[in-house]
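Each of the next two complexes has chain A plus one more chain, namely chain B in the first and chain C in the second.
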Partner chain A sequence: MKDFLPILKSLKSNYIAALLFITQVAITFTILVNAIFLALEKREVISRPSGLDEHNIFYVATNLPVKDAEKKALLEQDLLRLNAINGVTSAAVSTGLPLTGWGRLVEVATKPDTKYDTFSGYYGGDAQLVKSFGVELIAGRHFKKEEELTARVDGYKIASEAMVTKALAKSLFDESWEQIVGQTLYINNKPQRIVGVVKTLQSAWPSWVVVEHGVISAVKETDGIVNFVIRTESGVPTSVVDQTLSYLMETHGRKIDKVEMFTDVKARAYSAENAASKTLLGVIAGLLLVTTLGIYGQSRYGIVKRFKLIGIRRAMGASKGEIIRYFMLENVILTCLGVILGIISAIVLSVAFSNVFELGTVPMSYMIYGSVCTLLLGQVAVFYPAFRAAQLPPAVATRIV
Partner chain B sequence: MVIYYIKLACLSLWQTRSLSILAILIIAVGISATMTTYTINYMMTKDPLPSKSDRVFLVRLNNWSPEAAYRNRAQERPPTYLSVQDTVNLIKQNKAQGHIPIAGFKDMLKLPEQGAIDAEMTFVRATSRDFFSSFEVPFLYGSEWPQSVDENGEQVVVLSKKMNQTLFAGENSIGRSLMLGDHQFKVVGVLDDWFALPRFYGDSMRAFKAPRDIFVPFQTQINLELWTSNLQSYECWKEPENTTVAALWASECVWVFFWVELSDKAQKPEYLAFLNAYVQEQQALGRFQRPIINELQTAAEYMQERRAYSSDSKIAVWLAGCFLVLCLLNAMSIIMTKFQGKAAEVALRRAVGASSFDLVQQYTLETSIIGVLGGVLGLIMTHICLYVSSQLYTHLSKDIMSMSVELMLATVILSVVSSLLFGLFPIIRAIGVQPAKQLKSL
Partner chain C sequence: MLRMRKLAKTYRTDTVITQALAPFDLEVQQGEFVAVVGPSGSGKTTFLNITGLLEAASEGEYWLDGADVCALNDKQKSRLRNEKIGFVFQSFNLIPELNIYDNVEMPLRYRKLSSAERKARVNHALAQVGLGSRHSHFPSQLSGGQQQRVAIARALAGSPAFLLADEPTGNLDSKMADGVMSLLKEINAAGTTIIMVTHDLEQATQASRIIEVKDGSISEVKRPAQAIA
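So, the complex of A and B:
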């Protein structure tokens, strides 16, 4: 610590270089903390569970190419045949799938004839849909086969039972959400009894505020395009997909609108977040590289300029360790000043971002970890120039300008 | 004299080559990060119709249930789309210079001679002939369909260049036929390369995807009753009479985006008055039982309201801007190191009569060479970064990841100006040496 005062004095005499260094550290710290925070925030969004058994599900969007009156029969036959395919755990029909970007939404209220309490995504299908999604039941019971109904469109209008997601139950009943089982909710002003609660089932739009809200009813819809949700045992074998398609194509006039693995649906839904987080990681890598180079270059410059001083100190009896320690301590002091400035500007930037772009602010723990990392980075970058300086023979060093 | 300075600068750059290369590299990294993010952001948020931004409008009529406001908003706003009947009525009244309905459907597309197995599910855009002139869409072969086609709903199509390549190997396909579902259509036009960025006219969720590849008249979709229920969003406050498509057309369900091009800005109040009069007329018939709050919205306002612009790209520009400053500070300290080693040379030159202005000139030249090289290298790196981004950002159209000539020029200028600005300080420091003191120590 006896080096502390000499360091401050030498910094004072060369304050421009010191200021430059401090500014660099501050900027690095500001970008680093904000970029890591944003990247992790994106990662968190991507890793949210959809509620589905994601790796074992694919879906086929197709039509029912018969007259309206015969659609129900064909749909039931399709479901029977699809369930019979070897390797299929469960097949069901649904009005939509999570994260596809196309789906239904309903208004949910706890009292009749009032304005809605919240919005929710809506899925209608046969009694097996919950099982085919692979969604976990956490309260109440599943739909019974005899509760199943068929509608042409807008199944929620004729449904009398419904299941909801835990997130929706919580938004209506807070911590006593389990009480929702047996209660009556008004879905688009139509009373429906809640029979069960599922853990998670996201709606069709990943960026929706209430993406975790979901209502499921046991009403199959036959109009236009129907979605067959097919769950298999482990992974989706191509043979199952082939058998499904070849069965479906047996019916004359069938159009296959889409065949997609659920993992692909999810990757597509989050491609923006994924790309953004990768870009941010690239920025962080570039940042660390440039800053390390910068600190290295500046320390080297500062040391080369002081060769004479080093030579004199060595000649007066300072050990190599003392020389190294001197420069490392100098680096710590400068980096600390930079980090303090950086914390202030990081908070300012983060608050500005959160105001303009509706993001969360960077939590304090990021500042602490960021400071430690920046300090370490500085020490690593300065070590080699300091080590080289210490190796300089005093006789040579004193001769150099 | 300038040539002599350039020679000196090159010599000096060569002498300190490792530091010079480092400075150039660091500037290039900073420039490319900034320009990549800036290009993406610029392409995403640029005005899609610069020449007409103040006279092309989205028509919004307040067609919703008498009981509740649209989407129950506290501040009531009309839906962004119209019902089929209102669209048809407004086109018939013909009060604007251009009427552009944006509808569409999906169907199986094939050539008449191909078998059903070769048919591909294809997205079709249904619109009017004004689409092409109002949105400035260039034609390669043929032209838009004539007015009479819009009125009668004949079976004609306009293809994109890409679709023409796929179906007809890129040759002039005017007069050829193709099948959409069970209907035969005749090709009347083929578009040239056309990027609508952002693609403002339809669903804002898909604003950064490429336009559809096949266009048919709106009236044809109506006449043939082509409807795909899971393609575009549609909202109904009142059920259609029955389940037929014809009933949907006659219903109050809203789903058609309707744009108008007016002859000039001044016509806007006039057209709004016309819309209000139209709604009043309809009110007399028992429709539109809500306050008249019709709107004419520009493309930019519509995109803003639907939050089509993601904030990510703006944040990236900010972060990259900070990163550039950091890189320049770094380059500044490197240049300072470089000039520090030249104190003796400066002293010698000052001693034999060079003015400080001469030296400033010489070193400025050297710094600007670093700036130019950094800019050029930065430009190359920007192109690489944009290529990588286009692979990474699969949800965005590839056309976003391209630079215009202006942007390229701006890149190099940014590099030179910023390196001169940040190089000025090291130069002033360098020429500030005391000649006598330096010479003594030689």
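So, the complex of A and C:
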């Protein structure tokens, strides 16, 4: 630290170059911290669990090509046959699937007289739907087979029991969410008794504010397109998909609207976030490279300019190590100043971003990690020029320039 | 105090070998004022660099204050340079961004000294060269003669075994040069050994001994009276 004051004094007399360096570090830091935060926030969104047994599920969207009166029977038969396929753990019918971008929503209230307390995604299906989704029951019980109903459309209108997600229960009952079991909720104004709570089940729209809110009822719907949710043992074997389709196609008039692995559904749902996060990470990598080269170049130039001074210091008794430490300490001082300026502007930028784009503000831990990384980056970039400077023969001092 | 035996310096490139200094012997005693003279390109600067530990000799022995210089590593040489040798250069070699005080203090910062002791040494050294009142001036605000005095103060501050002066008056007019020479003589009279490289024979005669470097060989050792004759 013996060089600390002399460095400050030297910087004072050469403040333009120092300011340029500090500004460069500050800008890099600001962009870096915000970009990393945005990229990681997107990755966090992408990695949120849907609640499903994601890798072992596929679904088939199809029709029930019979008269209305026979639809219920065909559906029953389909479910029996699909459950019998070798390799199928559980098959069920559902009004929709998480993250597909296409589904139902309902209004949820705790009292009959209020309009609604919150919104929620809605899934109607047979009693086995929860098992077929692979969602985890954390309070109460599953639907019983005898509670199962069938409707043409809008199953929630006739349902008398429902299950909800923990997120929905918490939004209504806070920390005493478990007490929701046995209570009556008003789903689109229809009173329903809550029999169970599942850990997670996302709704159809990944960017929806209440994507974690979910209501499930044991009412199968037969109108239009029905979704068969099929859960398999490990991975989704092609043979199971083939058998499912060949069974379904035995029925005359059957149309297969869509067959998709749930992992593909999820990838599609987050493709924009994924691309944005990858682009951001690319930008970050590029920025780091450019900054490192910039610091390297500036340090090198600053050192070449001071060959004579290095020689003088060596002649006065500075060892090679002391020359290296001098330039590394100079870099630490400049980088710290840049980081301080960077933290201020990163906070300003983050607040501005969060106001305009409704994003979270960058947490303090990012500033700390960012500072440490920037300091290390500076040290890595300056080390080689400083090392070279130390190799200068001290006899440089006796050369007349 | 300073003893060189069969010391020589050769520069080698892929194709050329240059004998910069032929093997020579030299001894300097405590309190001497030795002038090293010789025309440009004679090897004076090489001699100065080797004596000042700025360059290593190719062969031979060099003992400085009991230390075998050739056996030291870079760090030990740096330490020895810092503690035993005070440099005075032709072009002063002050650090332009630092004021007079900080310039004189600079070599002391490479030692484990308290700031109080550093301060006392700097003040004493500056007072010795008659610049006690100019602490906060920058080199560019001083005349050449004053800058050289600062450089001498910087060399003295560390209480070195000897001062190594490289054409100390080379960049000064004759009046300033006389001032610097009399300062050096005072310092020598006070007990500091001085080795001064110069091409000015008249100045050399003010030394107690003259060594002549010619074509890379240290050819003669004369008393001042012989040089004039």
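To be clear about the criterion, the second predicted complex is superposed on the first by the 394 of 401 C-alpha atoms of A that agree within 3 Å, B and C clash if a C-alpha of one lies under 4 Å from a C-alpha of the other, contacts with A are read in each partner's own complex, and residues count from 1 in each chain.
Assume contacts are C-beta pairs under 8 Å (C-beta built on N, C-alpha and C of every residue); 3 or more make two chains touch, one makes a residue touch a chain.
Computed from a predicted model, the values in this text were never measured in an experiment.
After the chain A overlay, clash or fit between chain B and chain C?
Superposition check on chain A shows chain B and chain C fit without a clash.
Is chain A touched at more residues by chain B or by chain C?
B
Is A:319 contacted by the first partner chain B, the second partner chain C, both or neither?
The second partner, chain C, only.
According to the stated criteria, A:353 is in contact with first (chain B), second (chain C), both, or neither; which is it?
Touch status of A:353: first partner only.
Per the contact definition in the header, classify A:394: touching chain B only (first), chain C only (second), both, or neither.
A:394: touches chain C, not chain B.
Which partner does A:257 contact after superposing on A: first (chain B), second (chain C), both, neither?
A:257 sits against chain B, while chain C stays out of touch.
Which value in Å is the smallest Cα separation between chain B and chain C when the structures are fitted on chain A?
12 Å.
Go through chain A and flag every residue that touches chain B in one model and chain C in the other.
401
Along chain C, where are the residues that touch chain A in the complex?
On the chain C side, the touching residues are 45, 48-49, 52-55, 74-75, 78-79, 81-83, 87, 89-91, 93, 95-99, 102, 106-107, 109-111, 154, 158, 166.
Taking the complex as given, what residues does chain A use to touch chain B?
Touching chain B: residues 16-17, 20-21, 23-24, 27-28, 30-31, 34-35, 38, 61, 68, 101-102, 107, 115-116, 152-153, 223-225, 255-258, 268, 271-272, 275-276, 278-280, 283, 286-287, 290-291, 293-294, 297-298, 300-301, 304-305, 349, 353, 356-359, 401 of chain A.
Can you list the chain B residues touching chain A in their complex?
For chain B paired with chain A, touching residues are 22, 26, 29-30, 33, 37, 72, 106, 108, 121, 205, 228-230, 243, 310-312, 314-316, 318-320, 322-323, 325-327, 329-330, 332-334, 336-337, 340, 344, 389, 392-396, 429, 441.
Which bits of chain A are touching chain C when the two form their complex?
2-3, 5-6, 9-10, 12-14, 308-309, 312-322, 393-395, 397-398, 400-401
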